[in-house]
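In what follows, structures are represented as structure tokens.
Both of the next two complexes hold chain A, though its partner changes from chain B to chain C.
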Partner chain A sequence: MINIKDIRDTARDMLAKGEVRTVIGYRRGSRGMPAEPAFITSPEQADELIWDPTCYHNLSLYLVHDRKISAHLQKNSGLPIAIVAKGCDARSIVVLMQEHYFKREDVYIIGVSCEGTGVLDERKLASHLNGVQPTLAAFDGDDYVFTTAEGEKRLPAREVMADRCLECRIPFPKEHNLVFGDDKTGRQLAEPFAALTKFEEQGNSERWDIWSHHFDRCMRCFACRSVCPMCYCDECVVDSITFPVTQQTSAAEKADRVRWIERSAMRSENITYLMTRAMHLAGRCTDCGECDRACPVNIPIRMLNNKMEREAREKFGYEPGASIGGPSLVASFLDNDPGDFIR
Partner chain B sequence: MEKILDKKRIDDWIAALTDWEVLAPALQDGIWTYKPVSGAARLDHPNTRQSPKELTFPQREIFFSFEQIKGEPPKLTQILPKETRHVVFGVRSCDGKGVPRMDKVFTDHVEDTYYTTRRKNVAYVGLACNKPPSSTCFCLSVGGSPVSTDGLDVQMTDLGDRYFVKAITETGKALMKAAGSLLAEAAAADQKQVKQVHADAVAYPQRKINDPDGAPAKLKASFNSPLWDEMARACIGCGICTFLCPTCHCFDINDEVQSKAPLKGQRVRTWDNCQFPDFTMHSSGHNPRENTGARLRQRVNHKFQYFHENFGMHQCTGCGRCVSECPVGIDIVAVVNKVTENVG
Partner chain C sequence: MSEQQNYEPRVVAFLCKWCSSAGSDLAGVSRIQYPPNATPITVPCTGAVSPMYILSAFNKGADGVLVSGCHIGDCHYIEGNFLARRKMQLIMQLLEFIGVEPNRFRMSWVSAAEGAKFAQVITDFVDDLKPLGPQEKLKKADRI
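Showing the complex of A and B:
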């Protein structure tokens, strides 16, 4: 069981000693139950930090933001940033370091073990509460406890936990400077890729129908891309400008730019967007599930990434975010690769 | 015109609207969406995930097609929207309030033919909120009410086993006339009950913007406040808040080229979004709103200052979608309160 006091004490102490410039964690949101990202910069703010089943966010995204801001301001960021990271979040940080996005010493990882109770899926919860809106969620052993206007409501975590947490193989941040909670690796509640496997039991035409339906519904709000710490490219194929524009860029270059994807939210363009993103996450996605959670129209985006993740695992025995020094999937090859083209 | 409709007969009324294509909220993929009615209409929705703005301002609008054969003058063909008449059932008061705001934008100085063609063919049948459907509702703070009739053609109020149905516009009267004998005269007891239901709805506690009237001036005075950067720190720069908003209307126009030789394609308008980093990107590469703080300020000030200066009303209708659906908890109520409370 994680005691929030430990996390607060750590944050307060590090800030007081001037060891880090910010502690990125979670705090109570202003709109009700869900936690929100917190950027703690002074010891007095440390008591704002919380840890509960609504700490969904993969905060490593903000390490990416920070790096981008320092690059833009051409300013050395100085002291490291401390970050509260769950198992999947810590693996994201590892992937970012594998890709040399920032250095190990730039980050102080305050690991939190999910201890097998993961985080909540609000969509699952809604079906249990019949319109009652909870104001608070808390861990209690294998249960989640919700505070509502109609009193306390207790539910077994596994009934309302996010699928990715049910299927999580390693709910523990192996890469950390400090870690809270017990390592409950092995306490897996569902088979890995269970949702994907179930989906794939259907025939080709059913699967095509389901995904065509979802591709038609995509609004291209890009929440899945924006919330993803791996989608850090400065230029993205879906943007109106897909290359860096400087004062030296000629008018002709701008006018004749290639537009890979039109802005219209329609099936052909949406497929290109979502599939391009899935391909670019192969061997990099640590299944934090943020894309899935953020999608305002409930497109099961995680399934696309899961498909790539399973390919990487089954074909190459590859586990994204396993170690900083390890090879990255698409930038390495095996001497015994069965394909000739690679040698 | 005030009538009573037996709840069980709503489908008969919808069936009687033969000149109209009827839409109503349907629960699909875990979210409520306006869909053409097939079978029984359900009006037990909280609010739809997306506002009904898509009907008058679709995410993709084709303006015209173009074609140029070498040596010949270019050929342009305007493509106006089809004149299908739509009636939308179950529109909540906040979304009704969005309608006159969109009308201002698209008809006040310049009439946008694409918008007006669609607009004159849409009728809104509202459903008053007996209590706020979401904990993020704040219509009372922005000059609205859970029982407001702004923008609606008909307003329905749930009275248990029946609806109190009130015509607001001439179109609304026509819709009600089509129901014929399905609609009974409202009795004095019904009138009394509806008054009570509406009074209870307005008295139901909601989240609050503390000084909505003072907001335009206070926001103007806070343009350079450091709070913008602080409150936008978690913003991921996605389009959820504006795409779901019943009044956000920014768009982009692009030529979608289908063939280079001969040159052939369409000019299309698509939704755009002030939270996207490239929204204000200049051709030089300079971006005047270069961070999330500047972009959050734009969204909030547009709703609570600029629109108010131009049209004398807040552009926000308090539906709360941007609050409940933001993946990182950016909360327009909290932002307006925090920024304005720091001004004298």
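Showing the complex of A and C:
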């Protein structure tokens, strides 16, 4: 059980001593139950920090933002940033460091173990509460306790927990400067890749029917890209913002430039976008499930990334976010990689 | 029925400059007959084939995509085809996962001395593609 007081004390202490610039954590949100990311810069604010089942955001995204801002301002950011990180978030941070996005000493990881419970899936919760709006969520042993207008409601965590948390293999931030909560690695509430395996049992055409239905709905809001800490490219393949258009640029040049993917939300383009994204995240995605949560039209984007993760694990023995100095998936190889599909 | 018989699949073949491209040359010089359905695109190395190329080829109307390069150990750049083997495995699995027929994507090793093998690879691929019909799943719709 994590005592929020410990996290607050740590944050207050570090800010007071001037060891860190900011503490990125969670605080009470402005729309009821869900937490929201908080950037704590002074010791007095430290009491705003919270830790509850709605802390599902992957905060490592803001480390990327910070990096981009300091690159833009062309100045060194100086002091490190402290960040509250769950198991999956800590692995994202490891991947970012593996890719030399920032250095280990630039970040101070306050690890929080998910223990037996993980975080909430609001979509699952909605089907349990019959329209009642909860105002507060709290951990209690293996249950979540929700405060609603009609009194307290207690639900077993595994009924409303996010799928990725049920399937999580390592609910503990291995890479950390400081960690709260017990290491419950090995607690396995569902088989890893359970949802994926179930989906894959269907035939080729059934899978296509389901996916084409999903791809049709994509409206290219790019929420999945915005929320993903791994989607940090300055120029995304879908929007060539850096194509220089000057007075000398002829119409032919504009027309001839390579557009891998059109911006219009057509099925073929949506497929190309989401598939490209899945390929770019292969071996980097740490299954934080944020793309799934952010998607306004419920496309199971996580399943594409999950598929890549499982292939990497089964075929190449690759585990994303395992070590800072390790090789990346597509820039390394083994002599005995499977090659029997090649004629 | 007759329409199906007349259907000729369009294959985009990414051939490595050092082996498969030379292999296709040898097939031509040796006057080996094989289907003319493949559009060859020479790339420096199979390791340079981004999965984007494959998605893009399907997106622009290819019925099948072939990636062909040097045998393992023969890469001009030492390890390019090792890297390709991983990437192509991933994209192949992903295409299959969303329900694209597995036969639409193929990878082969064809050396510069294997003109006959190149002809065989193309023949087999085209034969496998014909029953599948045109690829409509990833193809960009005509202007609306």
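FYI, the second predicted complex is superposed on the first by the 318 of 343 C-alpha atoms of A that agree within 3 Å, B and C clash if a C-alpha of one lies under 4 Å from a C-alpha of the other, contacts with A are read in each partner's own complex, and residues count from 1 in each chain.
Assume a contact is a pair of C-beta atoms (placed from the backbone, for glycine too) under 8 Å apart; a residue touches a chain by one contact, two chains touch by 3 or more.
None of the values given here were measured: they were computed from a predicted structure.
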item	value
Touched partner set for A:E262, first chain B, second chain C, both or neither	both
Partner chain(s) touched by A:F316 [first = chain B, second = chain C, both, neither]	second
Touched partner set for A:C218, first chain B, second chain C, both or neither	neither
First, second, both or neither for A:S30, with chain B first and chain C second	first
Partner chain(s) touched by A:V64 [first = chain B, second = chain C, both, neither]	neither
Residues of chain A that lie at the interface with chain B and also at the interface with chain C	262, 266
List of chain A residues in touch with chain C within their complex	200, 204-212, 237, 260-262, 266-269, 271-272, 275-276, 278-279, 282, 304, 307-308, 311-312, 315-316, 329-331, 333, 335, 337-339, 341-343
Interfacial residue positions of chain A with respect to chain B in the complex	29-32, 34-37, 39, 57, 61-62, 69, 72, 123, 131, 133, 135, 214, 217, 219-223, 225-227, 239-241, 244-247, 249, 251, 254, 262-266, 290, 293-294, 296-299
Contacting residues of chain C [partner chain A, same complex]	51-52, 55-56, 59, 72, 79, 82-83, 85-87, 89-102, 106-109, 121, 124, 137-141, 144
Residue ranges of chain B in contact with chain A within the complex	29-31, 46, 49-50, 59-60, 134-136, 207, 233-234, 236-240, 243-244, 252, 254, 256, 268, 270-273, 276, 278, 281, 283-285, 290-291, 323-325, 327-329, 331, 333-334
